[in-house]
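Look at the two complexes coming up: chain A is in both, with chain B in one and chain C in the other.
Right, the complex of A and B next:
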């Protein structure tokens, strides 16, 4: 056979593995998908049922009596923690990118960028460790009680400040994990902008910051959105750090931003042991359904991000004639 | 900042200071300050994390940690160090041939439909959360194939995670090789195989090796995909690929920090130091290699 065909077959392992993952998870989770129906996403109830009773058959699926699976609290936890993370990460990431690209000269920029972007290389379990050992005592003892008493009348910021585990802590840790993505991508885009644009704007009487604010940043908006989607994809699927700082709530919708939560990814890890106690096996299959939902969402978000960044790259190369 | 004191050419030919509205001055100053503060926040957090990892890690890192296996609430991490090495190298062994093949195909046959499919799906595969990979490994290999918690299951899942990274870095490295070299080789009558294996690959090797190193860093730092595929073992690896669990460093961080014993916590800090130190070292080296080879 020709060399190229061999190569094509070897290369096919990569797309194959993605297909195999999706197919296996779907096939495995199929009984759970049938039993849970659409209500899976809207019920706020994860209940394995009576584990000591005999399995009963309902709609062709073997279940424990009283079993009911709904992951509204996980969807809420995942979306809210990701939202908080992005609310921190976008301004901080964009600000740092602007300062790195425009205010710090050559060699120093290389070093500081390297230092800050190494944050992205730190393993997620180490973020979790730091959150658990350093951040939670700090927030739980000093910051949250103060915030809750001063912001008592602001919705979602008042109420019991909790112990430090919860939505806001998870959001902060997630923000730290995704912020380097935004900074690195936007900094590259800013540095690659033509100097003439900035010079022309300054010649018209704008300050350097105004040139950045009104000319460069609007031109790189597409990159910022693409990078935000990349960050979103990473935050949605983040497991260990969230597992260690979120408080692992079960069947509980967050009441304020200090409430314990759980996310889809963290829930899979924290619940597999107890799901294995279910003799009908439906709990493990419902976890597979969560994994499938999470997989589809992250893949969609990530693909959207890549397409946006690619489209921006094409536009830049066509606009820059000079 | 400098433009707050900018000058313009006045009517009489002398330079006069530009009068700026105070709102513009203030918004410019505020803008720079907040951008600077953002960068300061980011570096501060990095310092804070590194401080915890290195200070607590070095005080926990003793020779016993590196030379003995885990025993109950204390002991050492030799089993976990060995396990991390076995799992990561196993993953690389599986991922490198396939990842490089797909990278080569995407770069060298970029005009073909299959190449664009592979390239796009590599990006998509990067986006699959690692816990989903882990659960897939649990469902298929641990349960369905009956391998139980094992080296094979853990290494295969890690390999799938590494695949797209190796594919992308191989592709980028090959794209840096100038097209004229390929044309020259083809003009001399070389076949596809010879052009790719003997001309392009050697030229792109530094970039590809860097990509493989980065993939190694990723697999050393992963936890979630291993929890339900590799399991955990307090003993040294017995050499079996299936049916026997294996320890690894990131598990030690996650579990031992929750134990109420100072000796167990110390193991977690030591493991965090080993993992973080290794991963950061690889990333710094990779950054400089990539800079030199201009990728």
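Right, the complex of A and C next:
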């Protein structure tokens, strides 16, 4: 076969694998999808049913009596922890990028930038362990009680401060994992901006801060948005670190920012072993349905990001053209 | 031919390939100094974190006397123990729970062999009261775990503890996230003592915990101890073999109300009394709950610690070594010796039960 054909096959395999994964998940989870219906996304109930009773048949699907599956609390936990992570990570990440690109002199900049990039390579389980051993006792004993008493009247910030396991802790750990992603990408973009632009701005009497604020940052906004969506994708699917610090809440929505949560990815890991105990097999198929939902949400978020970037790019080019 | 874990018929083709590759590598690496290991049989034990400390005591002693077998132990949760014993990844699945009727129907070749009798503590972390032994009952614990009993100074808890000054603090119930025999026996205690729990929640290695604001999930018995240590005002159920850890973490240990209405701590005596009250009903396949035994001095949460074993082993070599090890484990001079049992807080099997276990071990081939 010709080299070109080989390349074509190789290039085709990649996009195909996304389709194959989605099709596999759908086919495998089909009995669960039929049994759970649309309520799957809107109920707060994960119940394998009575595992010590005989399986019964309901609507053509073999189930354990009392089985019911709904994952609203997981969807909420996933989206909320990701949201908190991004709220921390975007300002910190962008600030660090500006600092690295503009405020530090040559040799030192190279070294610190290298460290930031290495930070992105740390396995998530390491962040999780650190969160479990260091962050949780610290936040749970000192920071959260103080926050909840001073912010008592602010919605979602008052109320029981919990134990350190929960939404805010998960958000902070996730933020630490995605900050390097944002910083490294944005720093590269800032450094690669034409020097003449900055020099011209300063020559016009602007301070260095103004040059960054009004000229450099707006020009790299697209990169920041792109990096943010990369970070979003990583935070949505993060498993181990969240599993270790989230408190693994079951069947309820968080009442404030300190409440325990669980996320879809973490739940699949923590429940797979239990689900295998279900003689009807529906529990594992319902986990596959969670994977499908997670897949669809992640793909949708990434697609939305691309569309936004494309739209933004068009607007930018018309502005520059004019 | 060396026997390794890899020869234990893995379930899926991909795992099979991986294991095959691993086996090939291992065979290559070992062939250099293979004479010493030529006849060694590998057995893998995995599952219950409650049984794990006992296996850790047993294995070094057994291995010293039996160089022909190498036993690897892991604490992964009873759920994993059962499923890996079924799939053949592990030869011994340690579990605090027996397999359900439905599971037995799907896998009729599996054996549930009791190795010892365990009990479960209910621990708490209420600053100032951890050295006190608060009284708790099944209905009150069911209330805590279903969110109707919210504060430590709830009327129902005060009623059980006259004269104790309880704080007005929210209770944080901690449960296991992994499939767990501890969850199984704890939820059985709640089911057998509290009708509403039995109707709405029931029991199992994994149950659908009612939504309790603030309630947290933890992994394994060590995870339970740690979660409760770092979380003031928690309640957790922890296997007796972790008594050293709970004492180190300075957790409180509750007296539990038994069927006769008395409040008792898990001691060798109260566990022994409960065993005598219930063990006689044990059927030949030994799948039975010992929870909530009658008798004024019976501790309410006790259970058989099971080795879940496939009666059909991959090779005669595996079957022979497995039988030898399990027989040693349930013999009074071997694994049931009091220094083993005392170290982990277990109670040895009564002679009649040991005979039943022996009969089951004989079925392995």
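Annotations
Keep this in mind: the second predicted complex is superposed on the first by the 278 of 322 C-alpha atoms of A that agree within 3 Å, B and C clash if a C-alpha of one lies under 4 Å from a C-alpha of the other, contacts with A are read in each partner's own complex, and residues count from 1 in each chain.
The rule we apply is simple: contacts are C-beta pairs under 8 Å (C-beta built on N, C-alpha and C of every residue); 3 or more make two chains touch, one makes a residue touch a chain.
No experiment lies behind these values; they were computed from the predicted model shown.
In the superposition on chain A, contact of A:288 is made with chain B only, not with chain C.
In the superposed pair of complexes, A:260 makes contact with chain C only, with no contact to chain B.
In the superposed model, A:50 makes contact with chain C only, not with chain B. Of the two partners chain B and chain C, it is B that touches the larger number of chain A residues. In the superposition on chain A, A:79 makes contact with neither chain B nor chain C.
Of the two partner chains placed around the shared chain by superposition, chain B is the only one that A:302 touches, whereas chain C remains out of contact. Overlap of the chain B and chain C contact sets on chain A: empty, with no shared residue. Within the complex formed with chain A, the residues of chain B that make contact are 1-4, 6, 8, 18, 20, 24, 27-28, 31-32, 34-39, 41-43, 45-46, 48-49, 52-53, 56, 97-99, 101-102, 104-106, 109, 114, 117-118, 120-133, 135-136, 138-140, 160, 163-164, 167, 191-193, 196, 217, 220-224, 227-228, 250, 253-254, 257, 268, 272, 275-276, 279-280, 283-284, 287. Interface of chain A with chain C (complex): residues 44-48, 50-55, 64, 66, 68, 136-137, 140-141, 160, 162-165, 247-252, 255, 259-260, 262, 270-271, 273-277, 279-280.
Contacts from chain A toward chain B in the complex involve residues 2-4, 7-8, 10-15, 17-18, 21, 24-25, 28, 91-96, 98-100, 103, 112, 114-116, 118-119, 121-130, 132-134, 176, 179-180, 183, 202, 205-210, 212-213, 233, 236-240, 244, 265, 268-269, 272, 287-288, 291-292, 294-295, 298-299, 301-303, 305-306.
Those residues of chain C whose C-beta lies close enough to touch chain A in the complex are 76-77, 79-80, 82-83, 100-103, 105-106, 170, 172, 175, 177-179, 202-219, 227, 230-232, 234.
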